[in-house]
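You will see two complexes here that share chain A, one where it goes with chain B and one where it goes with chain C.
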Partner chain A sequence: MPKCLIDGKEVEFSPGENLVKVAKRAGVEIPVFCYHPGLSVVAQCRMCYVEVEKMPKLQTACSTMAAEGMVVKTQSEAVKKGRQGTMEFLLLNHPLDCPICDKAGECDLQDNSFGHGSANMRHSEERRTYVDVDMGPVIQKNMNRCIHCTRCIRFGDEVAGIHEMVAIKRGNNIDITTIDGKQLKTEYAGNYSDICPTGSLTLKDFRFKKRAWMLKKTETVCEGCSKGCNMEIQHEGNVVYRCVPRENLEINKHWMCDEGRFNYRYTQDESRIVDPTLRAPDGHKSAAWQDVVATLESKIRGGEVLFLLGTDLTNEELSAIREAASTLRTGIKIRTFGTLGVTKTSEDGSADNILKMKSKTSNLNGAEKLGLEPLAGDAKADTVIVFRGGRAALPRVEAKWSAGVGVFNREEASGFDSVLPGLAFTEKEGTVVNHAGIGQRISRAVRPKGTCKSVPEVLMSLLNTKSKAGQA
Partner chain B sequence: MIAEQNTLFIQHFWKDSNRTLEYYLKHMNGYEAAKKVLGGMTPDQVIDEVKKANIRGRGGAGFPMGMKWSFIPKNSEKPKYLVCNADESEPGTCKDRQIIRYTPHLLIEGLLIGSYAIGCRHAYVYIRGEYVREAQLLVAAIDEARAAGYLGKNIFGSGFDLEITVHRGAGAYICGEETGLLNSLEGKRGEPRVKPPFPAISGAFSCPTAVNNVESIANVPHVIRMGGDAFAGLGKIDKSGGTRLISLSGHVQKPGVYEMQAGSMTLRQIIDQFGGGLLNGRRLKAVIPGGSSSPVLTAEEIDVVYDVEPLMKIGTMMGSAAIMVINEDTDMVKLLLRITKFYAHESCGQCTPCREGCHWMESILHKILHGEAKPADIDLLVDVAGNIGGKTLCALGDAAAMPVQSFLKKFRPEFEAYVKGQKRHA
Partner chain C sequence: MEKLLSQKFYQAMNELEPRYPNKKALILPALHQAQAECGWLPPEVLAEVAAYIGVHEAQIREVASFYTMYNLKPVGKNHLRICTNVACCLRGADDLMSYAERKLGIACGETTPDGMFTLSEEECLGACTTAPVMMANDDYVENLDINGLNDWIERAKNDR
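Up next is the complex of A and B:
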């Protein structure tokens, strides 16, 4: 491997790597705004100046490829002066409204200003201001905060495959906006907010809800489809405030779709059933766990019993249910359900040539690997028990008695005789296997709502009830 | 004055009837150089002649033209493009306009030879939007050449094909920067690109491209006709061949476009002999030697040979050879504000120092002129210019910073007079 010298440290690199990446490996952080590892290099912000031996001018680390024997200085006086100059320029027209800006605390502009700027302001002219366009339901625009890094424009062009963000006018009057001021169309709009290095593009969903530094972060995997995009649940006080993508170059790179990003909402929707219910003549009524479990146990003792398992369940949940089913009684039939028309991984595939997959559940592949068979046609049996993570599309159920175990909203619950509320993906641990066969772990971020119980808890209650009934 | 046999362009200027193909064939050995090239020279031989001719790019950077052509990869599978930069937008420059107006066929023949040399089958002329009439004249000349068989398929029976497209800009200084020009040509926003890759490797439509100034390309038929060595010999200074067209403006008796053998005159000689000295007997105060972006010279600095390297030695540049002569009555603060306003207006806005800094410099200068500035603002102005110069994506940042830095270095007392309240804006 060729080597170069960064601040006196020898670092190996592979040809074609830029100095930002190589320096990072040497433990040297070079400040950037326009550079993003998932986007093309434009060298526009002029923040990542470094000094390269034998080059008279400062170079931008993002657009300079490491070369054998290259000697790079990132902390020289010239570099510091250059970065301070850029920081000063960027703040000339920035409103410095950090106290009311959602980006504060996770803002590149703030961080780099603190690290590389000057505390003095030499500018006393009036600031440039803009009138903002409505960018639609996902993104809130605040052009006054924009530093014109063009990451958003490049994200649309290069990742989301849509040319909707543009620069108009020029020089000091340049405006970063949508074509003809239209609302955003992409189904990946949330990423605009993630990559915005300041508070110019923020999430409407997250607006004014929480300061970024108060959020706890839990690494997990999105359950929105079989892609398995790596993401982080950000939460505080047992409330999820937002989900953001985590870098995984093999799967989702740096991105995720809006469907996955906002999927968490149902887990804390007020219509979610969080206490066990039993059907009564005038609709579902809350019931005690032991009564619901006892009812369910009695219903599976005789007749034809079908367990329907959502492919939104974890491998651990699927295995536990199968094992418990064989202990409960012989002859319980087990089938899986998930996405209409996509019952096998062979029917799965990319839905938009970006990230979204056709299978709208996270573990179709895992269920298949465990040897579970998909349901064909309607769910018909004397008793049908539907185990569901929360996203699997419910099939039509024809049964004398049916129950749902897992996550359902009021409307979905009305189709069952009983609901035993379970844990959403934000509330449990486990593993899932994505469409490509990569196994990944999901992690619990928040405590379960109401009296929701995990699948093993429900199964053990059932077995316990059965053995008691047997003794009686 | 220079004898006519030692100039290549100027004797054909100023007469409308000279722009016809008929005149070109009759009085300028029209298309004989192209015939010679297509009839028996290899592309490498053409490039070698151009290298020998020592043509320094006439657009501003002064890069040796033959070398630029030799950077075009020979084995690339991609199409190659020759793009003529007719954006002529550096304030004070108006020489390319004369070439297009009066000797358009020189440019067309140059494009034909250059295209053959680098393997281009479709050349472009990117002409500034304001040159409406010139664009029409050039298109008419191209039509004339095509009708006569000098363009199109199988030119001179050589099997070589060439089409030329004239593309009009929309009026942006930045589109004179070669990669900004290429973006604009491709229908994109006129913003310079990150280099590398240089256009020779990835230029127009991501293909190998040579971008050359009008005057540079129009010299190529002369080079072939005279031979590279003879052309180089026209230059009276090392490493700079041929003649130079000069746009002389400002406070001289006779402003206009002139031609001299490269390196044959000093700035003072140009002002006195071409310009007829200063207007109305006023005294000289300063000279901007190479377009408004070049560092200003004082009246004492003009005994310098007017060519790329002597000017570089005294800290300025020849640029596009646009000389602006400034007399003693000129307010340097007002002049600098006007120049800075231009660069702030023309900044494309993509890179930070230029987008923010040029406008800030304009604001500070405005305050100085209107008596609203503090003494420290002068140093602030110099510091801001230093944070722009050498730090931007393209040369526009330098172009904006150099006038500020040089004016403040050489005429600082004029700025201080405003700040101290000794002088007021009229």
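Up next is the complex of A and C:
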């Protein structure tokens, strides 16, 4: 492999790699604004200046390809001055309202200004100002903070497949906006906020909720569909504040859809059932766990019993339920359910040619690999027990008695005789297999709500109740 | 959608097309031609040009708003564009601008109520040796001073 020298360190590179990438491998961080590894290179922010020997002027590292024997300096006096000049220009119109800006703490402009800018400002003229623009349900725009990196324009054009962000006018009068201030149409709008290097495009869902540096971060996988996008749950004090995509070049690259991003909301919704319930004549009533488990155990002792497993459960949960079912008694039928019309992986496929898949549950492939059969038609039996992670679409259940184990909201629960609340994907550990057969781990970010119990806990208390009943 | 641009526009484009490496390169001449037909470029016309070129309307909007030669608002019979860039600025373009504003009773960027004059600011017109410069409709008026500006406006008024 060819080699080049970066700050005196020899680095190997593959032809066609730019200096930002190569330097990163040598442990040298080059500051960037407009460059993003997932988007085309435009070299317009001029922040990534480096000095290349034998070249008369400073070069932008993002648009300069590494070459054999190239000698690059990223810390020379000329580079430092160049970057300082760029920072000064970028901050001419920036309001420096970091104390009230949501981006503060995770802002490229803040970090690079701290690292490469000057402590003094020579500029005392008036700054241009714009009115905030509402860009639909996901994004709020503050043009005052914008540095015209055009990442958002390129994201829309190159990734989301819709050229909805535009740069209107030019020079000092430029405005990065949508045509006539229309609302954003893409279902990937959350990414605009992720890639914005300033606080210009902020997520409405997260605005003024929490300072970025207070959030704890848990790496996990989205459960929104069978794509298995890698994401990070950001939480504090047992409350999830937002989910952001994690880079995984094999699966989701740098992006995720809004459906997956805001999917966590149901886990902390008011209407979620967090304590066990039993049906009473006037609706559902809270009951003690032991009573609910005892009732459930008595109902599956005789008659035709069907266990319905959501394909939103983890591999561990699915196999534990199957094992417990065979121990409880013989003849319990097990079927899976997940998305209407997509019961097998052969029926799954890309829903929009970007990220979204047709299967709206995360583990359809895993369930199939475990040899579980999908439900055909309605769920009919004397007793039907539905195990569900929270996203699988409930089928029609016709039974003398039915119970739901897992995550349900009040409306969904009304169809059951009993609900045993379980853990949502933010509250448990496990593995899921995505549509391409890649197995991934989901991790627990927050403690379970109320008295929710995990699937193995429910199964163990069922087995315990059964053995006690057998002894009596 | 009903076409706003005439058959002549499409004919001109068909003749121009072989001269350019790809259809996207036709955006600028297409906008000029459309503006020549309509006097200015309303959003519907921009959309029609976008459909003809085969790009998203947003891209046309970006191009049309980047160049000052494209009018995104209706303009008057006489369009005065005063350069206020460095050379002209040093030779008194700001005074010319404020004189024109007072004389016509409108602010820069506006059109007189009778539709006779539109006044706008122009970046460099490329005639710095004869600064200050004004572009009046399709003509350059060079070495301009307040008297010259006054005369030009008076003549245009009488030409009505």
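Keep this in mind: the second predicted complex is superposed on the first by the 472 of 472 C-alpha atoms of A that agree within 3 Å, B and C clash if a C-alpha of one lies under 4 Å from a C-alpha of the other, contacts with A are read in each partner's own complex, and residues count from 1 in each chain.
We take it that a contact is a pair of C-beta atoms (placed from the backbone, for glycine too) under 8 Å apart; a residue touches a chain by one contact, two chains touch by 3 or more.
Being a predicted model, the structure only gives us computed values, none of them experimental.
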Chain C versus chain B on the shared chain A, clash or fit after superposition: clash
Comparison of chain B and chain C by chain A residues contacted: B
Touching partner for A:Q140 - first (chain B), second (chain C), both, neither: neither
First, second, both or neither for A:L90, with chain B first and chain C second: first
Chain B versus chain C as contact partner of A:E125, first or second or both or neither: first
First, second, both or neither for A:N365, with chain B first and chain C second: neither
Touched partner set for A:I179, first chain B, second chain C, both or neither: second
Touching partner for A:A167 - first (chain B), second (chain C), both, neither: both
Partner chain(s) touched by A:A43 [first = chain B, second = chain C, both, neither]: first
Touching partner for A:S461 - first (chain B), second (chain C), both, neither: neither
Intersection of the chain A residues that touch chain B with those that touch chain C: 167, 169-171
Of all residues in chain C, those that touch chain A in their complex: 43, 55-59, 61-62, 65-66, 123
Chain B to chain A touching residues, read off their complex: 172, 174, 189, 194, 344-360, 363, 380, 386-387, 390-393
Residue numbers on chain A that touch chain B, as the complex places them: 41-47, 49, 57-58, 63, 81-82, 85-86, 88-90, 92-93, 122-123, 125, 147-148, 150, 167, 169-174
Of all residues in chain A, those that touch chain C in their complex: 157, 162-171, 178-180
